[in-house]
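The structure follows.
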Amino acid sequence: MKKSILLALVYCLSVFALFPDNAYAMHIAEGFLPMKWAAFWWIVILPFLMAGLRSINKTVKDNANLKMLLAMAGAFAFVLSALKIPSVTGSSSHPTGVGLGAILFGPAAMSVLGVIVLIFQAVLLAHGGLTTLGANTFSMAIVGPFVSYGIYRGLQKLGVSRSICVFLATALGDLGTYITTSLQLAFAFPSTQGGVMASATKFMGIFAVTQIPLAVSEGLLTVLVFNLLTKY
Amino acid sequence: MINIDQYVYANKLLTIHPAEKSFLAMATMVVCLISTSIYTPIMALTLMAGLIIFKADIPAKFFGHLMLIPIAFLVMGELTLAISISDHAEGFLYHFVVGDILIGVTATDLDKAVLLLSKSLGSVSCLYFLALTTPMLEITSVLRKLKVPALFLELMSLIYRLIFVLLDSAATIRTSQSSRLGYVNWNSSFRSTSQLFYALLIKSFQRSQALATALEARCYQGDIRVLEKEFPCSVRNYIIISIIEVSLILLNFYIGGGKLFG
Amino acid sequence: MVETILEAEDIEYTYTDGTKALRKVNMVVRCGEKIAVLGSNGAGKSTLFLHFNAILQPERGCIRFHGRKLSYKKDEIMELRRKIGIVFQDPDNQLFSASVLQEVSFGPMNLGLSEAEVRNCVEKALRATEISDLIDRPTHILSFGQKKRVSIADILAMEPEVIIFDEPTAWLDPRHAREFMQLLDELSQQGKTIIISTHDVDLAYSWADRIFVMKQGQVLTDGKPEEVFCQQEVISSADLNRPWLVETHDEFIRLGLLPSSTCLPRNKEELYESLARPCYNVFRHF
Amino acid sequence: MVETILEAEDIEYTYTDGTKALRKVNMVVRCGEKIAVLGSNGAGKSTLFLHFNAILQPERGCIRFHGRKLSYKKDEIMELRRKIGIVFQDPDNQLFSASVLQEVSFGPMNLGLSEAEVRNCVEKALRATEISDLIDRPTHILSFGQKKRVSIADILAMEPEVIIFDEPTAWLDPRHAREFMQLLDELSQQGKTIIISTHDVDLAYSWADRIFVMKQGQVLTDGKPEEVFCQQEVISSADLNRPWLVETHDEFIRLGLLPSSTCLPRNKEELYESLARPCYNVFRHF
């Protein structure tokens, strides 16, 4: 047992040493998904995109203000993800901006803005990819925002204090994204022994090291930003 | 932050039609994905590296640096795929024992992992070819030809412009914070970062209002319609690209598997 | 008498936060004039300009264009915005597009011209601002001075009759400011009516045909530069200085170096010339 | 001889995009001096300032503070940033906090002072900049002039020895610019060393003890204002104008209104006084 704890420890340390940009590690790299799964996730996100575009189209018709505001929100999300945040583990990582965006702009708009941001991350920052865009969009721009938004609204109705609402919405949104990514990988690469579930456990275990601290940091940070926003 | 954008406007393939470059990148990417042999993706990687370094004149060092970026994800993903846990040693190529379970690799898993690694690196090089030779704006013009909805493309080009405005703001705010000792320890970093986000958000909002006013002042009527740059179209290039793709596919068929461990 | 092109009549405007930005502002702009609107930050200059372009609608009072009172119907607004262009203060708040070609073509495209005509307009505007070589550049890698020029080309491409510049020389260094003023003179010679807002009194004094002084949403005075800057109390109550030419000139009169009847000089050459006139230059004969 | 407080020795710096921003820049700043760095946009002024604050590290050459060469160790950087404050050009980009109190307390908080001490620093800084009444206001609704003052209070609150102002009067209207210059003089009287960058030659000429002229990352010349502005070719090659005081003075000598031996005047009062001296003022006796 001691040996396995030691092993886990060595693994954790090596992950921190090797991957300073650990939030980006959640973007499935270009070419990593087999053709059929890449295509599958593209097809899954299309209806969300269509619905998102339709809802945006309705609101921005003849209103330059709203269109600019949406574009600014997209740019903001990108810039946020390009900045480093201090992580609770002492190192630093990149926020996803999913929670903040979803609470401020709603999950429908985030799905469209999310795809655009992910395209830019692939083309400008070399994170993620085009064939894996469908899968990444599903986890980061659909599941993440819907989880965040749902939790935020749900907890608010229950009368939970705003700080806790924001913290849980952001942190669980991040965790939702990370679990989805692990499942996507597990579906594409089921273990020879144990199948999808075994594979999913492996992926979740391995990503947990970077993603749980990030979720906590981003949650705390978003609470601070929200406090400033509501105070002034 | 690594900025690919900094290189794209100086690359020597800037004058080639964006549709031709996109076709080459995407077709090669698909060939990599469907390939069953490691040689096809390796050929694709070599081809793309050659085009990027020698034709587009991107510094080899920068390209090398870019190729390292997905390594973080790939190593984690590959390890997870290659390593399996079992309670009996059967089928393992290498293994070691922790408590009463076995951790190790099987030959088939290892082969799968190596193939996946080559496919992924091959496709990544195609992505970089596109990103390093074709400015974002021209990629949108290709998407327009592919009938992507206009609203989506409008948002894309607005966001692209605004990203740089906001990055500028973020950089100046950060400098101002550091000059007042903003990032000296964990506590101050955390406080500084939250204030940076807040300030960016407020500024984004104000800027979006100002830009909207400027748009209206120039007869904005609901759509953003603009002229696009025109490129000479070359049939020859399409033929060359098609030949490349067909030979990559043939390579896959004739050389075949390339299993190293199985 | 030259035709009046643009007119603000008793306009009042209050922002949603309750700030009274304009109080009974009257302004008459004649065809081909060079007008400077002076006033400190927050005097209401920008708010007034947004009225001229129908971005804001006055609460009371009205705007007339070519003598016709604005009714704020859609067609009329489009016509007005085409004929009256505003170059905003900060180019980063005006340039929305990723490339110069796209940016400058936005206005003409909205006018419903054919692609060839739009391209023609864009090329002409870029030539006039001397940035034809930037046509394929992305906006974000331009220098501040270049962005400023693109923001002017934006407006020129729509071939407006009146061009309004909000604080055009702020942040420009002396050389770029000088080049910019040359561009303004060229535009004026082509018959455009030009309105600028500034707090650079020296610039306004030498350049403008007519000056309006604004303070807290009101026009304190207007008239020819010489007339306006004689009113020392008005100038200082608007938190402005007197141009150094005017001040030096007055000082010369006080010291007896110039007779008190001398006209105010419009530029430094005129000032030195008036001193050099034989009858006053006693030292020349020493 | 007054002690040297800050020194740049042969520093060179290239930005990641390949722009050579500084080429062998030398600059010596002595305790209590008022220094103006002149140059057009892109001359390297701001890049130099970021070196003085250890935000940037020179590729070659070194920075000395109180005679000690910087080693860029963490403690030393903290000490340096505390002692040398930079007020950035655009307050919109310097202010990032939600309220004035939070904004001004940012620096002192990072110094690890107790809450009472921080509050004390903040109140002193707000009093010095005359904005004590704004303490609880949110920053984004302030006027431009107020924001500028807050950005100065930001730095004063850390009680630095040297304060660097990047383009301090850009966008300020004449009254605010005047008030700002008064504030500078007060700070200087309290013993602070002050460095400003500007392209306003008139301001630099009347205010500074010493002037550096920069162009394309190099220092072209430095010296007392009178000395620097005599070098007409250097001034114009740096895309600057000559101050109107110098120009008028030279013109007077050319016209024979002043003997060529007259010292250059430092302000307009001196200029007028020199003209009013009895032996030259012939008209008084008419």
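Letters A, B, C and D name the chains as they come in the text, with residue numbers starting at 1 for each one.
The rule is short, and it goes like this: a contact is a pair of C-beta atoms (placed from the backbone, for glycine too) under 8 Å apart; a residue touches a chain by one contact, two chains touch by 3 or more.
Source: prediction; values computed, not measured.
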What's the distance between the Cα centroids of chain B and chain C, rounded to whole Å? 46
Compute the distance, rounded to whole Å, between the mean C-alpha positions of chain A and chain D. 46
Approximately how many whole Å separate the CA-defined centres of chain C and chain D? 30
Cα-centroid distance, chain A relative to chain B, in whole angstrom: 17
Specify, in ascending order, the residues of chain D that touch 2 or more different other chains. 98, 140
Out of chain B, which residues touch more than one other chain, so two or more? 136, 158, 160, 165, 191, 195-196, 198, 207, 211, 215-216, 220-221, 224
Please list all residues of chain A that touch 2 or more other chains. 68, 228
Can the chain contact pattern be summarised as a line, a ring, a star, a complete graph, or none of these (other)? other
Chain-chain contacts, ordered by label, are A-B, A-D, B-C, B-D, C-D
Would you tell me which residues of chain B are touching chain A in their complex? 1-5, 26, 29-30, 32-34, 41, 66, 69-70, 72-77, 79-81, 83-86, 98-99, 106, 108-109, 112, 116, 119-124, 126-128, 130-131, 136, 139, 149, 151-152, 154-156, 158-160, 162-163, 165-167, 170, 186, 189-191, 193-198, 200-201, 204-205, 207-209, 211-212, 215-216, 220-222, 224
Can you name the residues of chain A that touch chain B in the complex? 1, 3-4, 7, 15, 18-19, 21-22, 24-25, 27-32, 34-35, 38, 49, 53, 56-57, 60-62, 64-65, 67-76, 78-80, 82-83, 85-86, 90, 92, 100, 112-113, 116-117, 119-120, 122-127, 129-131, 185, 189, 191-193, 198-199, 202-203, 206-207, 220-221, 224-225, 228-229
Residue ranges of chain D in contact with chain A within the complex: 98-99, 138, 140
In the complex, the residues of chain C that touch chain B are 50, 53, 55, 78, 81-82, 85-86, 88, 90, 92-99, 101-103, 105-107, 109-111, 115, 118-119, 122, 136-141, 154-155, 158
Over in the complex, which chain B residues touch chain D? Could you list them? 6, 169, 172-173, 175-182, 184, 188, 191, 195-196, 198-199, 202-203, 206
